[in-house]
Amino acid sequence: MSVLTDTPIDLTPDLPNDRSEGQLLEVSMGPQHPSTHGVFRMDVTLDGEKVVKLKPVFGYLHRNHEKIAENESYLGCMPYTDRLDYICSITNNWAYALAVETLAGIQVPERAEYLRVITGELTRLQNHAGLVGFLMQDMGASGTPLMYAFREREKVLDLFEALTGARMMCNYMRFGGCRVDVPSGWLQAAQKVIDGFPKFLDEFESLLMSNEILMARTQGVGVVTREQAINAGISGPMARASGVNYDLRKVDKYGIYDRFSFRVPLGEHGDVYDRYMLRVLEMRESIEILKQAMRDLPAGPIMDPNTKIRGFRPKAGEAYGRIEGPKGELGFYLISDGSPNPYRFRVRPPSLINLTLLEDMCLGQNVADIVIILGSVDIVLGEVDR
Amino acid sequence: MLGEGILKGLTETARNFLGSYVNKDRLTTVQFPEERLPQIEATRDFPFLVYDGSDWQAGLRCVSCQICEKECPPKCIYIEKSKDKKPDVTGKLQFYPTTFDIDISVCMSCQICVEVCPFDAIKMNVEFEMSSEDRFGGLLLRKEQLAKSNEYYNKIHPTEAAAVDAALAEERAKVEAKARQAAEAKAATPAPVAAPVAGETK
Amino acid sequence: MNLEEIKSEIETNVPGCRLEIIPNGSPSGQHSLLVDADHAFAAAAYLRDAPNRQFDYCSNATGIDWPIKEVSTKVKTKKIVDGVEKDVDEVVKTQTGGYLEVVYHLFSVELRQGPLVLRMRTEDRAERIHLPSLTPLWRSAEYQEREIFDLYGVMFDGHPDLRRLLMWEGFEDHPMRRDYVDPDDYEYEPTAHDEVLKRAQAHVAAEGGR
Amino acid sequence: MTNPIYLPVIVLLLGGAGFAVGPLALAWVWARKYSPQKSGPIKNAIYECGLESTGDAWIKFKPGYYIYAIIFLIFDVEAVFLLPFAVAFGGFTAAESIAMLVFLILLVEGLVWACQKNVLSWS
Amino acid sequence: MDEQLKSELRRQGVVATSLQELYNWGRRSSLWPLNFGLACCAIEMIAATMARYDLARFGAEVFRPSPRQADLMIVAGTVTKKMAPQVVRLYNQMPEPKYVISMGACAISGGPFKQGYNVLKGIDRYIPVDVYIPGCPPRPEALIDAFLMLQKKIDEQYLTGPNRPRHLNADMPSEFVVPEFGTHDLVPTQNSEVWKAPLVNISIAGKNESGRD
């Protein structure tokens, strides 16, 4: 349109959509934030909507678990392990009991091992169901998926209450077995819940699986490659979503997991969608394990008779016991100096170590995606801060 | 086609919504104050002291051996031993606690005190409506608030209580059998001295 | 995966590295390998990159505080007692501890190898508490080393971002050490007995009655 | 005094204003009579997840957001203008529909230009 | 308005009430809790809002994330010393008719973690608490029971007169000091306006008296 000069003047210069001269905004998604699953703080530096820097801050729920455990007896530490990862208390008990059994060389009778597998897999079911509900809540589907998930979780909590007495803080395992045997009618109730679970999973999958919004928001978001995952010590469903074939139930074969046939799902892309799918598939595998364990649950004692409850003094030495918790590899490193109190009581927190790559996953993503990435890591602050 | 997944999700919620008119177990809400969940037998909330017979002062099983005070992880039990002794159910002279407080604002209902108590004197209650507006008076249960009868224990934990009663009964039977043998052994050897001092224990 | 083999392998590949096998008394049989501080990084790098070892997964890093402790052990020694040789057991007082220790549990995901326990010790518990950080080798050690620095005070050289992990910035001492004294925040407790009661009495005495 | 035809409109206006102002006035009276104002330095501080908020929120944003918002505003307001057009769609003469068409074409041409300038692509 | 006349009117379908009852009824039926979970009790609080225990029946299922729109703070979980200043600042930033439910043993007295160096031994050291719920964690029904207790407490509040509640009383403080991070502990360790531990003669506690008045 311009006639005067030879070079055409572009009356409408390219709009500065790509060159961002906007300043950076420092904001903290702080301790009290609906998306942080508890008191977890992230100092985020934003350029518009893109994340430039993300520094997590821990310690708001540091309850000095390890210092208190040094003044408690071995039995006294058991109820504290319920409060480590307060959504799945039985697997915490199991990891601690396993560590003390390797420390003191205690044998566990058959029936107790089967009861451990049954309650452990039930814990995994309710943890994954809860997590998928919370992940959808983070994504904006506030209410509906969480209501479905908690309806199933309540059924599993009723089973725990009938067996151990408490909904969330079961305090069920002792060194050398379990504390109390199955009350009458519990096995039938458990069988009913286990048979009802696949129906819930189908309902959940038809509600969410092919939902376009879910796929659009989670695919390709927060990608973790296989090497990154191994190097950053990521374990559990989050590692398997990136293709790391490392499930302690198959690697360590602790307890009696080698008697059950179950598959380990693996993801390829390692993004939020794979982690979500991983949990749903793992729920189905847990149901397989539960069916087999309930079928051949033997009779017999549930407690190794010659382990003392009070005044339990293991020989001086150390031991590191670990299990495949719902969140990842939960390990207990105990050092005993022969006295009734553990000399050093160290918890290997899967949630804290899975957060190592949080910044790498969130760089360049939108603010709303931080919430989903954090939700897919599945952290529980009691375990992160101990 | 686009949106087909969302429609499937909506039909799922619709089926759940219409289903709740048809089959009852889709309605999971329990209207708490009026309608309550059926009491689960093994529930444990806060400890209580068991006493036999009718008078809680005399029948209290606790002999204040203070094992639970030492073993309690958060240390929320406070016991003071009595100087004198009182006869317990089997007639044997035992100490009794003059004060037995449990601070339920610290207790984490882990029932380790129940596990380590050699006399089955402390059990877990099922009563959970203990919220109060006064922290120091309302949340410190003293001996009189803690003591509950054995019948109450049988009412809330029937199977467990039956097992405990059977064990105690058998133990008492053994104690009586031993006492009877000791009495016969004393009677069988008619000592030249005068008749034994009339029943100092019974 | 026995330790002697690994010990000899490291000694050949990492010249001048002083290694020691620490036996473990408990039946768990997890003996550990003590590496001296200045060759620790090279030894760890070897363990990670050696094709037949490939310890690529550092699962756990733990800090332990060993204060100085008098250990009296009875030793049977032959002594000349007034001209006659008799074996008499006399008490030998040895000092153990007096250092901060960091323990790493290494696993191999590729070769499914069990826990290799690697230990490093500082010279003493006051000033010389520097240890090489293994975060450049395994990212998983980053937060755990920050926590050890926060709660035990071990300074990790080469750590990308050594700040306090759990306590607040202005906090000064290292609470997980054995000789840490809790701040005297006297609190009213209806069921105060034994050490809690002693602390409350000390506070009341210090403050001169309620 | 006023033409009776407009009476319902005035009543409607007063009713609407009364409906809006009434509760506010009541609340204002209530606050003055019963519950006093209790603002303080910490209460009026900026809320940032429980922390003391550092830094300033008034920063320069990327211009892309502003342009995106303006384009949305334009087409939102345009919809309001289309409303009477849509309501009385039946009885339109050619002239009126051409006028409306011109209005529509102008705006759509603006939209095409914006898309071509990839302003609406959300990187 | 005596009760008998009121019940008679109600049977006829006429509700007679006073401004105070209406005011209290309105506020207690729509208590909006602040979305503020700290630890394990938060999971039980979420379970209380879910389908089975349904806190919505008491008008309290709207969990507001920002303190500006909340009038009830449920402190659910362990308050650590690093978190205490944030809790008190959030409480200060809530608009005035505000209540606090201290849920769980940790929020009342530090609970099982009270021997920890980083654990605050109870939130009532810094902010006034209305209802305490013991338990670790308390069952969702216990939380609903505490809700009923709080609602009864709001019902009995007066609009005027000497003992009207704090938010209707101009000279009662609505803000409490926010503790800072000292080098070893929080400074000040407790707020004496709020924290009134009973006078206890600790010196003779060791002998026979059991450590309280």
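Order of writing sets the chain letters: A, B, C, D and E. Residues in each chain are counted from 1.
Everything that follows uses one rule, which is that contacts are C-beta pairs under 8 Å (C-beta built on N, C-alpha and C of every residue); 3 or more make two chains touch, one makes a residue touch a chain.
In this text, all values refer to a predicted model and were calculated from it rather than measured experimentally.
Colleague: In this assembly, which chains make contact with chain C and also with chain D?
Modeller: A, E
Colleague: Which contact partners do chain B and chain D have in common?
Modeller: A, E
Colleague: If you tally contacting C-beta pairs, which pair wins, A-D or A-B?
Modeller: A-B
Colleague: Let me have the rounded angstrom distance from the C-alpha centre of chain D over to the C-alpha centre of chain E, please.
Modeller: Here the centre of chain E sits 40 Å away from the centre of chain D.
Colleague: Quick check: how many Å separate the C-alpha centres of chain A and chain C?
Modeller: Whole-Å distance between the two chain centres: 28.
Colleague: Mind checking the centre-to-centre distance between chain B and chain C? Centres are C-alpha means, answer in whole Å.
Modeller: That gives a centre separation of 43 Å.
Colleague: Measure off the straight-line distance from the CA centroid of chain A to the CA centroid of chain E, and report it in whole Å.
Modeller: Centres of chain A and chain E (C-alpha means) sit 31 Å apart.
Colleague: Going by the contact rule already set, what residues in chain E reach two or more other chains?
Modeller: Touching at least two other chains: 51-52, 82, 86, 90, 109-110, 112-115, 117-118, 122, 136, 139, 197-198, 211-212.
Colleague: Could you list which residues of chain C touch at least two other chains?
Modeller: 166-168, 175, 188-193, 196
Colleague: Multi-chain contacts in chain A: which residues touch at least two other chains?
Modeller: 30-33, 59, 62, 64, 67, 79-80, 83, 151, 154, 169
Colleague: When you check every pair of chains, which ones turn out to touch?
Modeller: All touching pairs, sorted by chain label, are A-B, A-C, A-D, A-E, B-C, B-E, C-E, D-E.
Colleague: What does chain B use to touch chain E in their complex?
Modeller: Interface residues on chain B, with respect to chain E: 28-33, 36-37, 45-46, 73-75, 78, 80, 99, 101, 103-109, 128-133, 135-136, 138-139.
Colleague: Name, in rising order, each residue of chain A that touches chain B in their complex.
Modeller: Per the stated touch rule, the residues are 72-73, 75-80, 82-83, 144, 148, 151, 154, 158, 161-166, 169, 171, 179-180, 183-184, 203, 206-215, 309-310.
Colleague: What does chain C use to touch chain A in their complex?
Modeller: Per the touch definition, chain C meets chain A at residues 24-28, 30, 32, 56-60, 62, 64, 103, 105, 109, 112, 115, 117, 138-144, 164-168, 175-176.
Colleague: In the complex of these two chains, what residues of chain C are touching chain B?
Modeller: It is residues 188-193, 196 of chain C that touch chain B.
Colleague: Under the definition above, what is the set of chain E residues touching chain C in their complex?
Modeller: 81-82, 109-110, 114-115, 117-118, 121-122, 181-185, 189-190, 197-203, 205-206, 211-212
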